[in-house]
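Below you'll find a set of structures to go through.
Across the two complexes that follow, subunit A remains constant while its partner is subunit B and subsequently subunit C.
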Partner chain A sequence: MQTRAVRIRHALIVVWTIAMVIFVYLPSLSITLASLTSSRYFIFPITKWGLDWWHKTLDSIQIHQILETSVIIAAVVTVISIILAFFGALAFARYDWKGRSWFQKVILLPIFFPQSVLGLALLLWFNAIGLQLSWQTAVFAHLVWIVPVVTLVISIQVYSFDPALEEAAFDLGASRLQVMREVTIPVLMPGIFSGGLFAFLLSWGNFPLSLFTTGADTTVPEYLYAKMVAGYTPGVPVLGTISTVGAVVILIGGYLVMLALNRRRRADAG
Partner chain B sequence: MVGRDVILYLKGLTKTFAGHKAVDAIDLEIHEGELFTIVGPSGSGKTTLLRMLAGMEEPTSGDIILRGERINAIPANKRPTCMVFQSLALFPHKEVGANIEFPLKIRGVAPAARKQRALELMGLLRLPESYYGRSVTQISGGERQRVALARALAFDPEILFFDEPLSALDYKLRKTLEKELKDIHRETRKTFVYITHSLEEAMVMSDRIGVMRDGKLVQIGSPQEIYSTPNSKFVSEFIGDVNVMPVTVADNGTLTSPQIPGEFAAPSIADGLRDGFLVVRPEYLRFLSEPGDADNHVPGRLYNEYALGSRIQYHVRVGEMTFVLEKLRHEAFQGKLDQEVLIGWNAADSIVVPDQ
Partner chain C sequence: MSSGTRISAGTWSALPVIIFLLVGFAAPLAAIIGFSFMPPRTFGFGGRPTFENYVTIFDSTTYISLVWSLGLAAATVIILVVICYPVAYGLVRVFGKWSTLITLLFVIPLFVSENVRLYGWLLFFIKNGVLLGSLKSLFGLDLESILFTKGIVLFGMVYVYIPFMLFPMTLGISMVPNETREAALDLGATRWQVFKEVELPLSLPGLMIGSLLTFVLAVGAIAEAKVLGGQQVIPIAHDIEIAFTYSQNWPLGAALSVLLMLIVGVLVLLALRRFDLDRFLGRR
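Let's turn to the complex of A and B:
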């Protein structure tokens, strides 16, 4: 009786898990299917299969431009947010200072702001001080939201950091700069690395902030939205697939890099 | 064996945290080449004191004088001293060799010379050469201890500080490493300043011990002096089990206690001490067959006995009080629980100390 109950429970868990996986991944898969048509419109079931729209999209100068804009924004956001968030995380989790608990709350607040409102507010603010909107203002907008996230990601690593490591290095004659280079940064590297991944991917996929702040420049999510509203072609799911696959590749690539680093460390040790 | 020259001199050293004196006007001379241990319970200020000596905490007032030079304001990385931390603080991303070489790398020593020195130190600390490239996360607690010590020795400090580095280890390993550390001290002839909360640990290793309480050094002396002539109830109770009984000194020089009836013969007592505590170590208390076998005797009841390896400990109840006796195993007392026994001690084997 009991074994039967266990079996049923086990079966339910399996069914539930498969259902969730399908529910989460089917839409992304459908995008890819929708891109593999040769017809002009979205017709289901697909009658004429083909890679025509993939060729068209990959040859398009406009699409190159858009991908380039998205990559540049994400890359610049990654670099700046790693630097800001690294020091922010030290203030967040390493040092005890007056006002720290206040800082911890205030720095995390922007994560919970509705992004469209934040985008609008930044747009008004850029206008007020007379800044020309471009990918650079979008970088700033992305930073407002992403730096807090990355700060939190790196802080988690900092919490497990033994401050005595820095003191020991300092005591052994290292200057503050040498302590940072020889101990603090290498020990916190896994956190910094995952913080960087977060920064890139959050910027890469961001729509609401870009919509308000890129001006004449266009990012991938903006383009997808604009084309959906007016002028759908199967080029939209092609770019959508590229965008998703790009994110997955970066994520898996990052994971592999971490794995390789760990393995090398272990190999050195053995 | 120990040089007479003073290497480190502390004068009125004080550290205040939010109005609380963690370290309170400490005066101390540490001699060249000695192994000096500061012992105290947690919260006694010993860690704060050590951190000031190492340069990680700035004194509120007083002087730290190293070989005649006042070093109060010199930061840790500019001091010729080095510390072995409680957590050991081995760099987890560096291998054993790179950890040991760290101070040499900072000093700009060439890689080949660094490696040679690291291997020398590994030899001194009996770490196998094959450990050079091993990760510090993959070696045992005792080996990590040796790596931390090797790294500190690579710095070639004038004084080595130890912040309870053995406290996280199990008993057996701790006992081994205590002796090993003393051997390393003998080999290197450097000045070691060690802090611990275990007076037992201090006894094993130290040339001299300073007992700390509430930010003050309450007694400084050799292990022998601290053990046999503690200057207060606090110090006497700090090592293991001890018999302490409140006493009043009568005009004729004998002792009376509110806890046990009778008068007791007293050892020589400091002038003016009226109310104090009689201290008798467990090994000086004896089971008597005749009342006349010792200067003082008390009838009691054998409550229990405990085997402590080479010794056996007995608890004897006398009224409300429990006396602790210890005998070597081969001279064990043959008695039954609840048996009436007579215990006693000679006046010369006891001391009378004040509370503080």
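Let's turn to the complex of A and C:
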């Protein structure tokens, strides 16, 4: 029977997907477990549970600085990339203009590029023009990769945008600025919002670009990498867990904000 | 406004991004290409241009790293196509309202640095770690760790690049109209025929983009070999990093980067040339 075969196939797909989800989260689980042990070395099954390493890590001034650097870079990257990508997305998906299909492909190139090589190329470039490396140059490096990603994210929203809305506003005598503020931006808000979320989180987790471009400043992934290479440090699982949980919290928080925004919009419309 | 020079709204909107990419992407690439022709072990653009760095690469054993990187990347792509297809298919056709949640579950790891996640695998596979420790205490089995082998490097790469294959693939499969599938089934096609004649060809753009993206990123992969592989494999990106750091030979590192860029660039430009992005991203 066809339906029975379909049911079996769907069950197999569900089982496979569950297995993949478990596969994806196994490392995070291992890190979290390792952070909850009190001993100097990680031995499983854990015999000495405890939060000692959490206290030590959270009390460290160096860790505070590193977290701060990461957050500042991610925040600045978010703001700048939203502005650039908003207009980029309009050019990508809204307007019909001569260079459009060319532009659509050029903007993909930084995404389809090995990031470690991009980081090195930027290092050479900053060196050539005599820029001192710091968290600001890291912001610039992150933007080269993140602006195209955010442009794509916002573009997907722009595709579902009806240009007639803008035209109607123009017909009613609104200026270009008013149309932007009253029509275009509110309609595209969900896309802008998820674009911003992507920007923040991708910057927060980025390693290959930061490695070559932060100079004396250090981000969380860089610090963790340095410690990992140096051998087992009990602080690594703790900070690793913090960076994972941080991403999850921001993502879920963002998702809830988005739901609230949607509900308000629906209430306004209805 | 003079005739013929009126700039359209599209051009104005694209301008900031174009200028930014000229300064932030095109210029650095030009810098690295220029640097690859500088004399070895120099740190500025003052030297007399030379091909010496490229000669060094082909005279040394560095090409082995390049072959490894290309081979591992190709293997990663093939494995990912097979393991991601059922999930992507399920996201489009089977999971219904659960799709959003499942997509979210696969997105989250993207935002955690790959080092951290690979380190999680290290703790999982290491002797007395989560896997071997459990086996030992539950069954008394005392096995060797599979860490620091070539196989684990491939494993790590497959793991890290799952989302980059999964999401383009999902977009691709959602481009196959359900009516076309059902029509084929109604006309008596077997399940396999529907897959071969309808689903696979129509979802090919997504598959292509996913494979291309994964391959390009995997060729430049470095963390898997460092965190899990214990120097069993030296990927090309590692050689490049060594040239820039320990051996302080920037022009050689630049020449290696240019080789990698050439391979990646040719692939990407060939694949993107005929690609209709409006159709791919514009569907909802």
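Convention: the second predicted complex is superposed on the first by the 249 of 270 C-alpha atoms of A that agree within 3 Å, B and C clash if a C-alpha of one lies under 4 Å from a C-alpha of the other, contacts with A are read in each partner's own complex, and residues count from 1 in each chain.
Note that contacts are C-beta pairs under 8 Å (C-beta built on N, C-alpha and C of every residue); 3 or more make two chains touch, one makes a residue touch a chain.
Because the structure is predicted, anything quoted here is derived from the model rather than measured.
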item: Overlay on subunit A: subunit C relative to subunit B, clash or fit; value: fit
item: Partner chain(s) touched by A:Asp162 [first = subunit B, second = subunit C, both, neither]; value: first
item: First (subunit B), second (subunit C), both or neither touched by A:Ile43; value: second
item: Partner chain(s) touched by A:Ala93 [first = subunit B, second = subunit C, both, neither]; value: second
item: Touched partner set for A:Ala174, first subunit B, second subunit C, both or neither; value: first
item: Per-residue touch tally on subunit A - higher for subunit B or for subunit C; value: C
item: Touching partner for A:Pro186 - first (subunit B), second (subunit C), both, neither; value: first
item: C-alpha centroid angle, subunit C to subunit B via subunit A, nearest 10°; value: 90
item: Which of subunit B and subunit C A:Val24 touches, first, second, both or neither; value: second
item: Subunit C versus subunit B - closest C-alpha approach in the superposed model, Å; value: 13
item: Those residues of subunit A which subunit B touches in one complex and subunit C touches in the other; value: none
item: Footprint of subunit B on subunit A - complex, ascending; value: 162, 164-165, 167-175, 178, 182-183, 186-187, 189, 265-266, 268-270
item: List of subunit A residues in touch with subunit C within their complex; value: 5, 9-10, 12-14, 16-17, 20-21, 23-31, 33-34, 42-45, 83-85, 87-88, 90-101, 103-118, 120-125, 127-128, 140-141, 143-144, 147-148, 151-152, 155-156, 159-160, 201-202, 204-208, 212, 220-221, 224-225, 228-229, 236-237, 240, 243-244, 247-248, 250-251, 255
item: Residue numbers on subunit B that touch subunit A, as the complex places them; value: 54-56, 75-77, 82-83, 85-87, 89, 91-93, 95, 102-103, 105-107, 133-135, 137-138, 151-152, 155
item: Residues of subunit C defined as touching subunit A within the complex; value: 8-18, 20-21, 24-25, 27-29, 31-32, 35, 43-45, 83, 86-87, 89-90, 94-95, 102, 104-124, 126, 128-130, 132-134, 137, 159, 162, 191, 212-213, 216-217, 219-220, 222-223, 226-227, 237, 240-241, 244, 250, 253-254, 257, 260-261, 264, 268, 272, 275, 277-278, 281-282, 284
